[in-house]
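First chain A sits with chain B, and in the next complex the same chain sits with chain C.
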Partner chain A sequence: MAAPLTLLLIVAVTIRAALFRSSLAELIAERVEVVSPITAWKRVVEGLALLDLGVSPYSGDVFHETPLIIYMFHFLVDYAEITFMVSLNKNIILKHFVVEFRKQKFALEADRYPMDSLELIRSPKEMYYIPLKVAMFYLLNPFTILSCVAKSTCGLNNAVLALFFLSTIKGNVLLSAIFLCLATYQSIYPITLCAPAMLYFMQRQYIPVNFRRVSFWWFIVQYLFMYLGSLFVLICLSFFLLGSWDYLPSVYGFILSVPDLTPNIGLFWYFFAEMFEHFRLFFLCVFQINVFFYTIPLSIKLKEHPVFLMFMQLAVISIFKSYPTVGDVALYLAFLPVWSHLHRFLRNIFLVSCVLLACSVLFPVLWHLWIYAGSANSNFYYAITLLFNVAQILLVSDYFYAFLRREHHLTNGLYLKRKDGSEATLILK
Partner chain B sequence: MGLLSDPNRRRALISMLTRLNAPICVVCYFAGVAWFMGLAFEPFTLRTYMSENAMGSTMVEERFPAGERALATGREFAAHKKKVGGMPVDWLVKNMQDRGLEVFTQSFSRTLPFPDENKERYIVKGTNVYGILRAPRAPRTEALVLSAPCSPGDSNNQAVGLLLGLAQYFRNQIYWAKDIIFLVNEHDLIGMQAWLEGYHHTNTTGMSWSPLQGRGGSIQAALSLELSSDVITSLDLVLEGLNGQLPNLDLANLFYAFCQKIGVLCTIQGKLQRNDWDSVSGYSHAVQTMMLMVMKQASGRPWGDHGLFLRYHIEAATIKGVNSFRQYKTDATTIGRLLEGMYRKLNNLLERLHQSYFFYLMPSLSHFVSIGYYMPAFGLLAVILLLRQSSPGVLSVLTPLVISHLTGVALYALPIRFQETAVEHFPVSETEAVVLTAIAIYTAGLALPHNTHRLLSGEGTEQGWRVLKLIAVLYLAVLLGCTALINFSLGFILALTLVPLAAFVTPHVPKVLSAFILVILSPACTLLFSVFFFQELQEMPVSFQDGWLLYLSVISQGILDHSLYGSLVYPLIALLVYPCWLLFWNILFWK
Partner chain C sequence: AEWIHRFSLPTCPLLAVLHNENTNFIRIIVSIAGQFFSSGHTNNWAVLVCTSRFWFNYRHVANTLSVYRSVKRLGIPDSHIVLMLADDMACNHRNPKPATVFSHKNMELNVYGDDVEVDYRGYEVTVENFLRVLTGRLPPSTPRSKRLLSDDRSNILIYLTGHGGNGFLKFQDSEEISNVELADAFEQMWQKRRYNELLFIIDTCQGASMYERFYSPNIMALASSQVGEDSLSHQPDLAIGVHLMDRYTFYMLEFLEDIHPASKTNMNDLFKVCPKSQCVSTPGHRTDLFLRDPGSVLITDFFGSVRKVELTMDAINLTDPIKQMEENPVNGEEQKEVYSYADQLPVSEIIHQKPKQKDWHPPDGFILGLWTLILLVFFKTYGIKHLKHIF
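Then we have the complex of A and B:
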């Protein structure tokens, strides 16, 4: 396992190094699909320059990163490329470990199911190659390569999320809370990952998920205390680093109130560009609630499968956040091999992959036609954005369907029979 | 989403598609071709109309008087040009200054990657001269451009003369709201590229030019004038620009409206409009005109000096004066009045031309076909590719993909790199070396399947070719779709030849016949046939020898265009279309 992984790492680093040195690097760093106003490297450099001049980096509404990032880059700005590549590799190693620990769960469940569904359970031999596939899906994904070459800070966000996953799966409650807090501190949306994390720990510690039990509430209080405590520490630390509170509206106010309407691959920009001022607050609330809303139903449905819930939450965040980029998409796409046993139940995977591929190619074409040739307009670009997001939603819902169907088969047997013995088909109404 | 989630309905649809796959594909192909040919039939087209409100009705009388004086200036220009042996910069500067313009010059130089045999140049050095007429009472925020090329020999002298005559006349008027820039560019497109790059502070092609000392505002529209005779019988409008980009249709409508008003014969693609659209010869005339436009757009070359303005979002067209054998001759004063009228209307523009279409085909100057009408023809061809996809599999066919793309990269990069080596070893000139290297690499790609199969013995499996075909068909579909969005004609012509072979190639068809058909339908042969077809359409058919030489010169021009102006046709064919075709070649010879 180590040798192919090392080879993969070397190939990935070579590709990125070659692209860093070529003339494509500036081109990629300007593409709106790859960088957003929150994650662009150009803005980090601007913030650093303002900091060196002694002015608050948040004046001028260009810089929207958190103070910790700016101080980190203050020391690492000359080694920026290496930093991004290191975070990338860390990402991979973490995912590698995450997957290894998932194997244990399957071993526990094998004896609970009827005989003919045993073929649905994966053997350890099949699962041997999953970490390598996850690594390959992440390292060689063109989205990740583009994101890394553009030096978007999305890579760092992904690294923190991967650390969060690792510490959750390993069972370390404190570290999990701290990394989740870091991820939330960077962009607000990972707060929804609290629910799957708590569910996972409760499952590990055999605390039943029951509203009337004291142990349930006690654990929630403990986790939230650690989480909120670290968040409080981080926010106060940021205050002391820069000496003022004006990072709060610049970072969190910016993410929540979406003032910058530069086109990206998300759903917010076009809608708010055409919105009348009177209704803006209402629709802003609607759109933001949309990101957080799916937590509760998904948690209720998937309370016994917190790891899948984490994947679904991550996907929902990547699709519906206010400034998504392809780096966010690549993060949850990298986890797809973990659920490769669901492939036999997926129904639309071919259509979805064709649409995603076609949309990725059409993004730069329609951007060129809109901005440079002047023959198209924003509607064309938004059409492709919509199609891209619809394809992503279809992908996520397809995996959800496949997961539920597999669970159904595990409890009811693989070959369903009607009462008279003929073969039955399962239809989702 | 019943279709996506109901397995019974899905199964019925899929079984119908599998049973009737081949007939549906054939029907779609012929429907696409028939739709395309039907576009030229007049009842299916729309009459052109002026969309921009600001250029609506202005009942103004054009009063340009000085046609004869303009011709005399043109003769002076010719004499000075012959004396200096190039562009008479000092005479032009003095002349423009005398007429009250602010005159500036720009010098530029460029070494071509290999010598251009058509125009016989290798190291190009020149000077552009331009004069700015400042708008008397308006802020200097917008500009219009009138340009005439300084061509070697006897051509375009009258154009420069008329330009200077118009400059003097315009200088005395008070109604100008935009600055007018009168540009005389040397070495046609290269000079124009240098001027545009200097004006917009970009440097995309590696030319070295001196910065512009004087500037107007942002250019709203541009016209390029080509006039080589004292009297003309008709005016020809040239619209096709770099990478097949077309100006806004309103510019063509403006030209047509003024030709009607003043009473000058106007043509497009050199062909006069006919009234008998319901006869066979009338229809074939319209088809010829449209096919000429399709071929010119597909070539991706700018067909006049205006072609380079379009990339900067400036609507531009070239007006050519044609002197042929007709009774009624138009003199220079009338042409001057026509240009004066057009510029007065462009002067009224409040914003850039955007109301009318940017994507259209013109079977004649008064009729057009918009993108909504011609895209279904392409869609019918593309749907064949989507129908021919089979079930998905595992990605185990990386090797043919990688090797095809490496060959494509070789076809793109090697001809220019190895021209010196080729010239040392073979008795050919540099241009011939580049073109023949390109053809050699192209033909060498045909031998690939045999070589790769010898190298990798365990490659051939029954499933392998299906997966490769799936990937190749998807790749071709996405590629053709994106090409058709940017340059419809190129996308349609490529689709016409590549889609049938994509749909029907398998390792099980008769090898020799299919290999022959594959080669006939490959991009290089399509280009060869297009060259002959283009000459036929222009009613100047060539013999096979001349046609072959023309074909070689077309390839060298394509490579030069990419390196001089950033044309996308050569990289598209070498890096994307040719590897796709090689994948199908690989499938045919799959063991």
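Then we have the complex of A and C:
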């Protein structure tokens, strides 16, 4: 497993190094699909330059990253390319480990199910290659390559999230809380990943998920204490870096109130560009709640499957966040091989993959037609954005359906029979 | 020859003082006079001529405007520049970038700018007008801006560009000026005491033929190509559609962009501009008529307007009658008042001075706090037993 992984790493690093040195690097670094006003490398450099001139980097609408990023890049700005590649590789290794630890879960489940559904359970032989596939899906995904070459801080976000996954699955409550806190500190949305993390730990520690039990609440209090405590510490520490609180409106205020309406692959910009001021707050709340809203229903439904819940939450965040980029999309796409056993139940995979491919190709085309050639307008670009998001949502819901269906088959057998023995079909109502 | 007498005129006060008995006083005056009269000129003029019209001769206008720009930048005011452009490229209807004349592709330098003063334009640029400007034989109604009002202490820069051949320069595609006519015009200028020193630069094909016939003193000449060679143009700009500059002037402009009023660069460096490898033609120069050694001639003697300044803190009483020179021998001691001319403004330092950037460093408290936390988390995760291995 080490040899193919090393080979993969070498190939990925070569591709990225080659692209870094070519003239495409600047072209990619300014594409709106790859960088957003939060993650753009140009803005990081600008913020550091402002700091060198003695001005707060948060003055003016330039820099929207957290002070810890300032601290990190203050020393690493000359080695930016290497930093991003390192964080990328760390990402991979972490996912690799994450997946390895999933195997043990399957071993636990094997003896609970009726005989004929055994074929649904993956054999260890199949699962042997999943870490490599995950690594391949992430490293060689054109979205990640673009994101890395553009030096967008999305790569760092992904690295922190991967660290969070690793520590959660390894069972370390403190580290998981700390990494989740770091991820939330950078962009607010990973707070929804609290729920699956907590559910996972409770499952590991055999705490039943029951509202009436004290142990349930006690664990939640513990985890939340660690999480909120580290968040508080981080925020205070960031205050001490620059000596002022003006990073709070610049970072969190920016993410939540969406003042910058540069087109990106998300849903916010077009709506808010054409909206009247009177209704702006209302729609802002609606759009933001959309991200957080799915946490509770999904947790209730998937309380026995927290890892899948994590995947779903991650997908929901990537689709509905205020400034998505292709780097966020790549993060949850990388986890698809983990659920390769669901392939037989997926219904729309052909449609989804065609639409995703077509949209990815059409993004730069319609952008060029709109901005440079002037023969299209923003509606064209937004149509493709909409289609892209619809395809993503379809993908996610398809996987959800497939998962639930597999669970049903596991408990009820693969070949469903009615009471009189004839074959039955399963309909989703 | 009469020019020897001519040169001794400025030294007359020197000679007068030399007769004085107080030798120390003399020594000091000599040093001052030497400093003041080392270049011999008190004012600078420039006559910049572009002789060709039509859109495809864009580069000749750009050449002239580049030299105009350098000369203005180095201090010669518009009142001392006679700019003659035979056609208007900036507002030409074929110019895709109106109101601009670029000297380099990628639009790096717009030499037209906001304050270009053209004295002779369009069809006014003729051989007759050019010669009348040089010799000063203009009708009384000519405005001052169209006259070359130079005197015997003026250093004049004359720059010609256009299409030329062996012994002639073409004006406006309809007439020519020959090298003999030009040499005679310069001789008229010399006899009428209309220049102190002249620098003649020509950027045309076979440009060296134009200075072959000069015979007046104090003329230094440069040309972009020898007889039998063509002067070539620099790169074309695909957006504008024409060649933007000629090679010789392009490299000369590059050279001049590094000159500032306090530069000590001399003519020998200008002779080296645009060697054959860059210019394809062989630039030539002629210095035999020039009195001073080209190595002692500063570029700013011709291209700029550099004045010597003496700073004094004393108040000078102008109402007192001037003391006679005979009173000085009474004072036997050395007069230690040494006047020295102030250096030019340290322009090079001012130009290249960047604001001192204080690098921002994160506060120590922050670094301490952050790394303490990281260490704490590390030890909590991996156990306290590692501590004893570290310490």
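In this text, the second predicted complex is superposed on the first by the 429 of 429 C-alpha atoms of A that agree within 3 Å, B and C clash if a C-alpha of one lies under 4 Å from a C-alpha of the other, contacts with A are read in each partner's own complex, and residues count from 1 in each chain.
By definition in this document, contacts are C-beta pairs under 8 Å (C-beta built on N, C-alpha and C of every residue); 3 or more make two chains touch, one makes a residue touch a chain.
Just so you know, these numbers come straight off a predicted model, no measurement behind them.
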Chain C versus chain B on the shared chain A, clash or fit after superposition: clash
Chain B versus chain C as contact partner of A:174, first or second or both or neither: second
Partner chain in contact with A:27 - chain B first, chain C second, else both or neither: neither
Residue contacts with chain A in the superposition, chain B compared against chain C: B
First, second, both or neither for A:358, with chain B first and chain C second: first
Touched partner set for A:368, first chain B, second chain C, both or neither: first
Partner chain in contact with A:52 - chain B first, chain C second, else both or neither: second
Contacts of A:285 with chain B and chain C, given as first, second, both or neither: neither
Partner chain(s) touched by A:350 [first = chain B, second = chain C, both, neither]: first
Overlapping segment of chain B (options 133-141, 205-213 or 277-285) - the one that collides with chain C in the superposed model: 205-213
Footprint overlap on chain A, where chain B in one structure and chain C in the other make contact: none
List of chain A residues in touch with chain C within their complex: 51-54, 70-71, 74, 172, 174-175, 178, 233, 237, 240-241, 243
Contacting residues of chain C [partner chain A, same complex]: 357-363, 365-366, 369-370, 373, 377, 380-381
Chain B to chain A touching residues, read off their complex: 4-8, 245, 310-311, 313, 352, 354, 358-359, 391-392, 474, 477-478, 481-482, 485-486
List of chain A residues in touch with chain B within their complex: 347-351, 353-354, 357-358, 361-362, 365-366, 368-369, 372-375, 394, 425, 427-428
